[in-house]
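Down below are the structures I want you to see.
What follows is chain A paired twice: with chain B in the first complex and chain C in the second.
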Partner chain A sequence: MTIASTTQQICFAVLSTTVVAGALGVVLLPNVVYAAFLLAGVFLSVAGLYLMLNASFVAAAQVLVYVGAVNVLILFAIMLVNKREDLAAIPGLGLRRLLSGLVCGGLFVLLIRVAFTTPWGSGPEPVGEEATIRIGEHLFSDYLLPFELASVLLLMAMIGAIVLARRDVFSQDIGTGEEVDQGLIEKARTPLLLDRSAR
Partner chain B sequence: MDLSLSSGIPLQAFLVLAAVLFCTGVWGLINSRNAVRVLMSIELMLNAVNINLMAFSSYLDGQLIRGQVFAIFVITVAAAEAAVGLAILLSLYRNRDTVDMERFNLLRW
Partner chain C sequence: MVSTSAPGSAPGLDAAAGLDLQASFETLLQGVGLSAGTAHLLWLPLPMLLVLVAAVVGVLVNVWLERKISAAVQQRIGPEYAGALGVLQPLADGLKLVFKEDIIPARADSLLFTLGPVLVLIPVILSWLVVPFGQNLLISNVGVGIFLWIALSSIQPIGLLMSGYASNNKYSLLGGLRAAAQSISYEIPLALAVLAVVMMSNSLSTVDIVNQQTGAGILSWNIWRQPVGFVIFWICALAECERLPFDLPEAEEELVAGYQTEYAGMKFALFYLGSYINLVLSALLVSVLYLGGWGFPLPVEWLAGWLGQPIDAPAVQVITASVGIVMTVLKAYLLVFLAILLRWTTPRVRIDQLLDLGWKFLLPIALVNLLVTAGLKLAFPAFFGG
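After this line comes the complex of A and B, so read on.
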């Protein structure tokens, strides 16, 4: 993918503006639903940046995993914990924000200084559109063990998430005392499912 | 074949963008009261790291794009982390009936 230099710079400017504005919105907006949708915008813009770096496979993975899975998961979590609560004021909030802002600003200055004082040099010619082939070769030769471990990790995460998020289900109906048809357990008649917070 | 990549945008532009994104994530991680927003800030920081990995892989390691392989592993771990984190958040919400980070203070001295 060879684009003219000016077009590349315009694309980079637009994408990076979207990323920065979206990230600020995620952090600063009071409504958490808007923050979640802005997070999807940030993920999509980052995928666009990957496309500019000739990494089409990672861009596709970014869209599929982050926008398709992680962001949907976050939206589900927002729906499941949807409770309007007035957060109690805590003392020293302004001071805390100022101090953490100073710490983050210091970290930013440090990173910028490292980025601009290090002589990066220039590497070999980028492979361009063959990147996907190279990634496949890596995943099945020298990164085979991490690749297989990632599958075990995903399985563990899936089982862990199911165990953690499962509700307590009783084998008897609390209201009537009769046996519960386990096949109907997800059709939420309220006595079937016991919410722990209701105790 | 693709010299415009190196000449069009310097490597530092990607590094600065990633630094901005990472610092925004750190600030949000410290200052968010809502636990879901804390998880979103962690995702922002992971994306900043991924941008760095991809930029280095393209500019400095153009032949053996090892950074892209690392970025794929980071994406995998981030997906697992999001699933487990949100499950923990749900069971925390059932137990404490709130998502306010200031009230999860059982382990505070």
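After this line comes the complex of A and C, so read on.
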């Protein structure tokens, strides 16, 4: 047992524990902010696992995209609408939890079975530092169409978000059905802190 | 820990690779009778500790410069009693923060409140991994190099959001949200500016980026080939560091101190440390990407040739390595000086102006810069790294 392999095993144990515990926390914690922060931890640990597989470019991309962009946006959305109050009680919550627990447990058993029955080979040699070049070559040759399609999808999502966010696109307010004052797009017509039901 | 010594040459004295302290250290230890693995293990913490100390000392110098330059800008004297010219003032500041009471507000979320500053500081310190001070004078010449820095710096907004949320204070929350928005917006033009440089050097590694700028001394630095990219990168780096004119997340007149409002003592010091380490780091990376890194304005090979010294002689290697470190730090601190001067002479922009500048000006310019660089690379491969 060399120092390198011992370090590797310790790292793997720590990272996989973090992934499993973090993912369970994301699902089970009632506080949505904690769940979002734990999700960042899970993404970071997955990046660590990629790093251990000699895929440093994929690891860095994972951190940049999932932690730096996706997770920050999730947190942004949570904090912009955060009210710090408990969720309203849903009827039949116990039954719902039991059902979703059963579904998840079944899926877990299925995956475990697949993992044990699949003959795992050693897989292709990791290319290491060459990976960046190799990924670039693939993106511009055999994966060109999926790559371009993904960018078209993202463009559509972006245009959709802009249309939804800009109120002056519609002549009526989607929420209240009132006429939109085109001159005052930046200002809310009712002060945010007033109770709307009093009108 | 990549040693690039060519086989056959004496370790540590490779002409092309320059001074290789790691190889010299490990051969020395193996000569005493330790195994190769143990020698490597003993070597590992040394560069990390050295860079950590360098980063912290860099912050102390930075704080002193900030105090003195701001004083000069405002026609004051600045600190003068703590040591000669007040050089011990930053140390006194630090000691004050260490001994201050560590307050956690009663209705704050104490776990996230403590974790926030740590998450802000760690990525910044980790990024020093890829800062080269010489051919082999860096902690790790990882292949993804500069991309690692971009990825790590994108973790920081999570720490800011965390501390803003955990403080349970509207100003803190607004500051955290602003910091995250600013950081996300300016990351894109920053990455595009870096991409243009990477395209010219055909590599993400910081060492390769500097090596591509050697050859003709000051004339081969990237700033002449990437003037637009240099300006974009510098503006974005200032915005990422939250320096004036982009210090909106902690704008005193509007937000008290943004996400730092509720922090005191060492937790506040972590933010302080993080922002200054980040400033030095950004300045170092500007010098690596655009100002030739450790390169002297005249190639040291020419100088050694004129003096009739072989470039691979041990004494010459030590001298060139020292010159390299001095040049890197000198370039970085020139940029830090510029940043401090900007901070004390420019007014703060509004949040809408900030986002307009990022999305409507810098992003298109950075895209055009990338396109032009690609075109020039195809047209003049000799000058733009074919």
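Some points to look at:
Throughout what follows, the second predicted complex is superposed on the first by the 153 of 199 C-alpha atoms of A that agree within 3 Å, B and C clash if a C-alpha of one lies under 4 Å from a C-alpha of the other, contacts with A are read in each partner's own complex, and residues count from 1 in each chain.
Going forward, a residue touches a chain if its C-beta (ideal position, glycine included) is under 8 Å from a C-beta of that chain, and two chains touch if they have at least 3 such contacts.
From a predicted model like this one, the values you see are computed outputs, not experimental measurements.
With both complexes brought onto chain A, simultaneous placement of chain B and chain C is permitted, the two fitting side by side without a clash. In the superposition on chain A, A:Ala35 makes contact with chain B only, while chain C stays out of contact range.
When the two complexes are overlaid on their common chain A, residue A:Pro126 makes contact with chain B while staying clear of chain C. Looking at the shared chain after the overlay, A:Ser56 reaches chain C, while chain B stays out of its contact range.
In the superposition on chain A, A:Ala150 makes contact with chain B only, while chain C stays out of contact range.
Touch criterion met: A:Leu80 reaches chain B and chain C at once. In the superposition on chain A, contact of A:Val67 is made with chain C only, not with chain B. Once the two complexes are overlaid on the shared chain, A:Leu111 sits against chain B while remaining clear of chain C.
Comparing chain B with chain C, the partner in contact with more residues of chain A is B. Minimum Cα-Cα distance between chain B and chain C in the superposed model: 14 Å. Taken together, the two complexes place residues 2-3, 57, 61, 69, 73, 76, 80, 128, 131 of chain A in contact with chain B and also with chain C. Chain B meets chain A in the complex at residues 1-2, 4-9, 11-17, 19-28, 30-37, 39-41, 43-44, 47, 50-51, 54-55, 57-66, 68-69, 71-73, 75-84, 86-91, 93-95, 97-100, 102.
By the touch rule above, chain A contacts chain B in their complex via residues 1-5, 8-9, 12, 16, 19-20, 23-24, 26-27, 32, 35-36, 39, 42-43, 46, 49-50, 52-55, 57-58, 61-62, 65-66, 69-70, 73-74, 76-78, 80-81, 83, 85, 87-88, 90, 96-97, 100-101, 103-105, 107-108, 111-112, 115-116, 120-128, 131, 134-135, 138-139, 143, 146, 150, 153-154, 156-158, 160-165, 167, 195-197. Residue ranges on chain A touching chain C, taken from their complex, read 2-3, 33, 37, 40, 44, 56-57, 60-61, 63-64, 67-69, 71-73, 75-76, 79-80, 82, 128-129, 131-132.
The touching residues of chain C, counted against chain A in their complex, run 37, 41, 112, 142-144, 147-148, 150-152, 154-155, 157-158, 161-162, 164-165, 173, 176-177, 180-181, 184, 187, 204.
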